[in-house]
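Next, two complexes with subunit A in common: one pairs it with subunit B, the other with subunit C.
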Partner chain A sequence: MAIEVRIPTILRNYTGGAKAVTAEGATLDELISNLESAHPGIKERLVDQGALRRFVNVYLNDEDVRFLGGLGTPVSDGDTVTVLPAVAGG
Partner chain B sequence: MRFDSLIDSVGRTPLVGLPRLSPSPDVRVWAKLEDRNPTGSIKDRPALWMIQQAEKDGLLTPGCTILEPTSGNTGISLAMSAKLKGYRLICVMPENTSEERRQLLRMWGAEIISSPAAGGSNEAVRRAKELAERNPSWVMLYQYGNPANWRSHYESTGPEILEDLPTVTHFVAGLGTTGTLMGVGRFLRERVPGVQIVAAEPRYGELVYGLRNVDEGFIPELYDESVLTTRFSVGSADALRRTRELLTAEGIFAGVSTGAALHAALGVARKAVKAGERADVVFVVADGGWKYLSTGAYEGTLEEAEERLEGQLWA
Partner chain C sequence: MLQISQELADKIVAHARADHPDEACGVIAGRDGVPERFVPMANAERSPTFYRFDSMEQLRVWREMDDRDEEPVVIYHSHTATEAYPSRTDISYASEPNAHYVLVSTRDEAEVEFRSYRILDGVVTEEEVRFVP
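On to the complex of A and B.
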């Protein structure tokens, strides 16, 4: 299963500069672990003590995973996962 | 309708149906036209509520200086009220916001301090907090953490929507300070069983996020995740496409962030159709398109417009 993961500029030092990489897994948690094996160090920037870091937003097909099931959110082939830092508006 | 002054005319905006963009007679989409406020945006509500609360609390007295980090609309609303009430206003604003917003602010007498584009609104907030510390006599209303922001929507926007459309099932709005979603969301949740509160968060071009460190992000103090049903990230391309669709299909000339809200609204409407459920989806037209003309959002192909919007804060 190939799932596209879009990486924000600030984390591209882990992906050799790639804007998007592919990874595998049945859940977001598995996907991030799979990502870690190919790009060591990235997991720690996304996850802290078994939860997404406070200022990291992850979207599954544009929907915030915090409302879908957090790290346990199921993912499947053809999905797009986007990682972004939290920003202000207004 | 008659009012004693311009300030008194804030709110009570029209709710209009979208007969062409609504997917079916059972699943209808409605636009809350917040551009019909005195300075042309939804921010007239929180700005007025925040000023009135600060006056009640004795923080604001005639001749006071107000300081506020803003990407535009809140500043413009504050500038109008400040002008009429005799306050000086200083806005801290990211330099990558449209020229129209700057002109409008100056027109109403506000002073502008620019913060670097790279830091976006996060940087404007940081700068404003710094300035407030160095100038203790200045009053920072601080829209991101001031409860009067969400209360303005709890006490005005929310009740207006429910009065005009008691059958409302979904409320969709842009996510910035989170004030609109928190206020309307809480009001509707208390009164409409099963109502869904949906956030449309702008996803800017790469440039805007470029230098953001994921450890130093910003989440407005007002944000309470439990008020929302879900939250969508909407990119510039989708936001632009929907902004134009709203104009060509329904004749509504709105700002780019409205396109993002419409995109999410049409998404939940499509889901309702698939599930065979009836729905009345209300989304917020936060402002009109006037302030974004110089960004080129309404001219040429979508690709060209998207390119021109790269690096701009369009919400």
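On to the complex of A and C.
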């Protein structure tokens, strides 16, 4: 099962500069763990205490996974996961 | 240094004025570091002290930029009661290392404060802004 993961500029130091990488898993959680094994350090930038970080947006195809099932969201072959840091401030 | 057309700078200020007292935010997309296309964004927080791009709008706009080979050259937002300097939250959430972070203050009705910064790994560096025709 190959799922394309699109990586934002600020996290490309974990992927050797690649804009997109592939990973595997049945859920977003598994996908991120698989990503971590190939790109150590990236998981901590996405997940904190068992939940997605508040200021990181993760999309499954065209949907924000917060409106799906968070880390438990099922993913499957051919899906695209996009990571975008939230643009926010005070 | 940020070089930006007067027309784009005026659009940023007009957006900030229109949304006052809430913070306004958006992007100027462009190529090779040249700001070209004005993309005002909704402030999902609708707040006078905080801003956040709506996540679905952000996905759409970021994809559009990708398709057009553009980058977010400028990321702007307004402060409505304080100076145009990055706040602690602005610094901690800054996530586009190549962007010019433009801050506009609308605290004074008559005078505009328009300043630009690089924010990298928690370090803020103010830069000169040059307005061009």
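The definition used in the following text is that the second predicted complex is superposed on the first by the 87 of 90 C-alpha atoms of A that agree within 3 Å, B and C clash if a C-alpha of one lies under 4 Å from a C-alpha of the other, contacts with A are read in each partner's own complex, and residues count from 1 in each chain.
Throughout what follows, contacts are C-beta pairs under 8 Å (C-beta built on N, C-alpha and C of every residue); 3 or more make two chains touch, one makes a residue touch a chain.
Predicted model only: the values in this text are computed from it and were never measured.
Trainee: Counting residues of subunit A in contact, which comes out ahead: subunit B or subunit C?
Mentor: B
Trainee: Can A:F55 be said to touch subunit B (first), subunit C (second), both, or neither?
Mentor: both
Trainee: Considering only touches as defined above, state whether A:R45 meets subunit B (first), subunit C (second), both or neither.
Mentor: first
Trainee: Please identify the positions on subunit A that touch both subunit B and subunit C, taking each partner from its own complex.
Mentor: 8-10, 55, 57, 59, 62, 64, 66, 82, 84-90
Trainee: For a test of understanding, state which residues of subunit A touch subunit B in their complex under the given definition.
Mentor: So the residues of subunit A touching subunit B come out as 8-11, 45-46, 53-57, 59, 62-64, 66-68, 82, 84-90.
Trainee: In the complex of these two chains, what residues of subunit A are touching subunit C?
Mentor: Residue positions touching the partner: 8-10, 55, 57, 59, 62, 64, 66, 82, 84-90.
Trainee: For the complex, which residues does subunit C have touching subunit A?
Mentor: 25, 27, 41, 45, 49-53, 55-56, 58-59, 62, 75, 77, 86-91, 93-98
Trainee: Along subunit B, where are the residues that touch subunit A in the complex?
Mentor: Subunit B residues touching subunit A: 43, 70-71, 73-74, 120-122, 124-125, 143-144, 174-177, 179, 199, 201-204, 206, 208-220, 225, 228-235, 315.
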